[in-house]
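The structure under discussion appears below in the form of structure tokens.
For clarity, chains are labelled A, B, C and D in written order, and residue numbers in each chain start from 1.
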């Protein structure tokens, strides 16, 4: 089994772990962390699977760099919103909206 | 979330994970050989490093949009972190830390410059450089040398968008070549460097902003 | 665009444009609004006159316009269309005059007359629709614009009535749409044609076609107020009198019946419909409606509600006529489509006059109105007698042709239904006339308006229309055989539908 | 190799990016004029593009001059051109509305300090998405749209609004992540992210990984389009945001992910998607029923409109089971997307006027509005006509096309769902109209509202109806070649 494939498999597991976390965890900070896990998983699959046969491939590397920056930006925004929410309501979890306003 | 729902979710996740893993084994070789294509065109890309070539030339359009993503995050944060007068008094930073920071920052800037320059032919480039710059700014803030940013002035905004606007201007100007971001091989290197410099500064400031706009409003030391 | 293409559009525009302008008018600009209304109505009459002459001389008027690839709006002003157009155009003018008097000084008149003109436009569109798609579009437009008029007063009662009306008509519209689209998927784009358009389809389609017929008839049946789809009509009587008069005696219910005529004669073709034995069940439904309407009318004390149930029963006469296989029945139906309109609108005008002038809404309050308002009551009596089918009135003509039609189609029972209904009509109209003429009036009317000129029984704007229509009721009865009479025109149409020489 | 004729494709993306950046430079609350000027030019460009397509067929623009698979391609076919035209045409009046609306905003500057740059980035991202022919580039545009939308929802909001934004952000991020994993799998198997290169490679016998990729991407896009059961994030976000933002999100943003789903479903994954076609349709039916019921029950006016968006999104997915053989279903979907966009923009803008006038976000507060704000009520009613699918309106044409497609293929379930949905829509639309038509209680007083707001709402509503009188050109444009 080539190292690339191992990375990809690990990535797959991380992704699922993260996804589950975002759904199951209630605390928003944990949700955000879980999302980062999910993202990293996807990146690992991208680079790993593409280079499973040993050779290096600059494309996925470049794409992952892009992806990482996007993830950083998104995380920052999420944290900002969380801080705002905490400042306004003192909550760190989402209110369960009623189905009708 | 009910216990049953949790259980069901986890179960589904496990199921999905196994299928995903199973799907990854015994895949044939990729049908299209892009690394080859990249290598073949590298000489016309204006940079020596394939990843840099992809980032700034072959898929430079992605990078342009990615800078927009950074700006968007910044805008979002500005939208919610407007100064509501709430300030939390914090102890002044320790003199040792401050001295250390003051010493470290010049080296960090130097490193950033190096990363920027080396990016053309080795791993590195605007993002790495920008992040190091940001780290320097954050360090200064943690050491209470630099106060948090409350309401950004024109200069700061200029710093934030200049990199993006330069990139945009170049992209637009290059349409004269026939296509968006179509570098004439002769000029590619120079133009890419120009973009990289702009991006380094802007990304550094944006990244710092992501932090300095989020830190507690401080009574400046 | 040739003149023959432009005329149908002009007929639509003559009410649409004034309507749109009126919406924009400020409330207090009464003069401007009145001018626009009358101008539109008169222009329309002139245009209709041109069309009548043209069609009679064998001209054909039509216009088509592509909405989607393979889907056209088609207008054509043929004989059948003109029968309905002429009726609506004439009555629109009279009702406009009436409404101007009736609504004097009441709020939101710009909105009222705006929607009123839209309704007429929709009716014209229904009449001139050249295919089911076009018909459906204007059919729904009519629903929406009438809703606005039903709820016009904005009282909780009005809103409730409007909601019921909407519930029935939108549901009906949905059924109609399903039927229209289904047919479209079988036949592609087809226009109304004499003798129908089903020839292309083989016998294996019979079950589908029966289903579609059911959908279509149920769809238009709602507006035609066939039992059991009639529930909205009495509810809609909360509307101001002019609305009840024009829309719920003429435009809306007639739109339903007119749709049936198009569907039976020009989509299915009467022979084909007969061969699928669709007509007899329809005739039965009509018969039930006739009797049910008359029976319910007996028990209503509120005058407008009594008239509403009488409408339900009278409109079913037309459906019955359409469902009777044979030209005589059709002639009876078409001629009654006109006659019933004239008679019923007269009755509603008069009911409105009583309510406006004396505040009497109930039959039990009508003792002696004949002395207080002779002209109005005379008009009322003429129309009521017409409804019973008394000689020398338009009603008589309809009755004769309908029963002959029943005879010819050897549906003897239909004749009994008609006779029974005539008796019932007498039972619920004669007492009113008796009270009006021969009972002594109560000391004071519920809510009498003392008019400036004491000797006049009511505002002439309110008096003129019913008197004219009542006169027409007699004229249509006495001069039925003359050229240009509704009867003559109906015979013209029946000839073309049955492809007679 | 410079083209002879002017090529609007890149400018449709660069222009909004440019005015977004510049208006940010100008500072908080600035940049409205810039945006309006930019949008007008964009609209002209979109029209030019449509004209070019009608005469010359689909257009490809190879960014960087490399061409796929090495570079990124922009592709404009009929579908893309229609969506571009629609987006600019709706965004321009909404921008004009926002300018007036924010000008006399009681809540002060914070709500719209950065509205204009955010709007610019949002539109640039949507145009980029419509034009992109590269699954990874599409991922970036999706993220752009998500972040811009969230930024707009959150701006200067109170607790519930920020919570809604956060929920929206998380859903959008997880969805993007799933989409990215799909891209990763595709690249792993085929070594390219160019749709044009991928399409011929994918067959019904494609490895499991490709199937997974398709599933991941489809689910991601359904979540972003708020298709039932992924709808939960939409009502609080669209119901909580400032009115101009709600209008933008409901009218335009949700259409972007729907468009992408349509693209992939018809093009890239066509060999795999056919057997599962009934699934989106079924979810669509559920969305119609559930969304309508909630709209009928809603007490707040904005919530009612937001829930109606959930229901209307359902219609869009009714076409998936019918897509394969006939172009008619696609026409139905596009017609529905356009008319709903216009109608929903009109509805939110008119609701904005009502909110300003009554100073309350509640259906019950509307009594007497018909007499006081006739233009706005007309706008709401006309928009309602379109949502109910009553003739003559774009919504009606959409319903008609759906009926035609369904009946031709003997699949009558979907059209019937459409018809029933129309009746349900009538219930909540007339719930509002009924209340507004009531005579005003003496206590109620209405605050003055700028006339221009009323007229913009009316214009949008009128457009959504007029669309139903002339669909020929749009369908001609839609038919211009390309991937679908």
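Operating definition for what follows: contacts are C-beta pairs under 8 Å (C-beta built on N, C-alpha and C of every residue); 3 or more make two chains touch, one makes a residue touch a chain.
All values derive from a computational prediction rather than experimental measurement.
A.B. asks: Between A-B and B-D, which chain pair is linked by the larger number of C-beta contacts?
C.D. replies: Between A-B and B-D, the larger count of C-beta pairs in contact belongs to B-D.
A.B. asks: Using the average of all C-alpha atoms in each chain as its centre, how far is it in Å between chain A and chain B?
C.D. replies: Centres of chain A and chain B (C-alpha means) sit 17 Å apart.
A.B. asks: So how far apart, in whole Å, are chain A and chain D when each is placed at the average of its C-alpha atoms?
C.D. replies: The computed centroid separation for chain A versus chain D comes out at 26 Å.
A.B. asks: List the centre-to-centre spacing of chain A and chain C in whole Å, with centres computed as mean CA coordinates.
C.D. replies: Each chain reduced to its C-alpha mean, chain A and chain C end up 67 Å apart.
A.B. asks: In chain C, what residues contact two or more other chains?
C.D. replies: Expected reply: no residues.
A.B. asks: Scan chain B for residues touching two or more other chains and write them down.
C.D. replies: 20, 24, 27, 30, 34, 38, 59, 62, 66, 69, 72-73, 76, 80 - these are the residues of chain B that touch more than one other chain.
A.B. asks: Spell out, as numbers or ranges, the residues of chain D touching 2 or more other chains.
C.D. replies: Those would be 136, 140, 143, 147, 150-151, 154, 162, 185, 187-188, 191.
A.B. asks: What chain-chain pairs meet the touch criterion?
C.D. replies: Touching chain pairs, listed by label, come out as A-B, A-D, B-D, C-D.
A.B. asks: In the complex of these two chains, what residues of chain D are touching chain B?
C.D. replies: My answer: residues 1-3, 7, 10-11, 14, 17-18, 20-22, 24-25, 27, 61-66, 69-72, 74, 110, 113-114, 117-118, 121, 124-125, 128, 136-137, 140-141, 143-144, 147-148, 150-151, 154-157, 162, 185, 187-192, 197, 201, 207-209, 211-212.
A.B. asks: In their complex, what parts of chain D are in touch with chain C?
C.D. replies: Touching chain C from chain D are residues 331, 370-371, 374, 385, 390-392, 396-397, 399-401, 403-404, 407-408, 415-416, 419-420, 422-423, 426, 430, 434, 437-439, 468-472, 475-476.
A.B. asks: Sort out for me which residues of chain A touch chain B in the complex.
C.D. replies: For this pair, the touching residues of chain A are 5, 8-9, 12-13, 15-17, 19-20, 23-24, 26, 49-50, 52-53, 55-59, 61-63, 65-66, 69-70, 72-74, 76-77, 79-81, 83-84, 87.
A.B. asks: Quick check: in the complex, which residue numbers of chain D touch chain A?
C.D. replies: 136, 139-140, 143, 146-147, 150-151, 154, 158-160, 162-167, 169-170, 173-174, 177-178, 180-181, 183-185, 187-188, 191, 193, 232, 235-236, 239, 294, 297-300, 302-304, 306-307
A.B. asks: Quick one: which bits of chain B touch chain D in the complex? Just the residue numbers, please.
C.D. replies: Those in contact with chain D are residues 19-20, 22-24, 27-28, 30-34, 37-38, 41, 57-62, 64-66, 68-69, 71-73, 75-76, 78-80, 82, 154, 157-158, 160-161, 164-165, 168, 171-172, 175-183.
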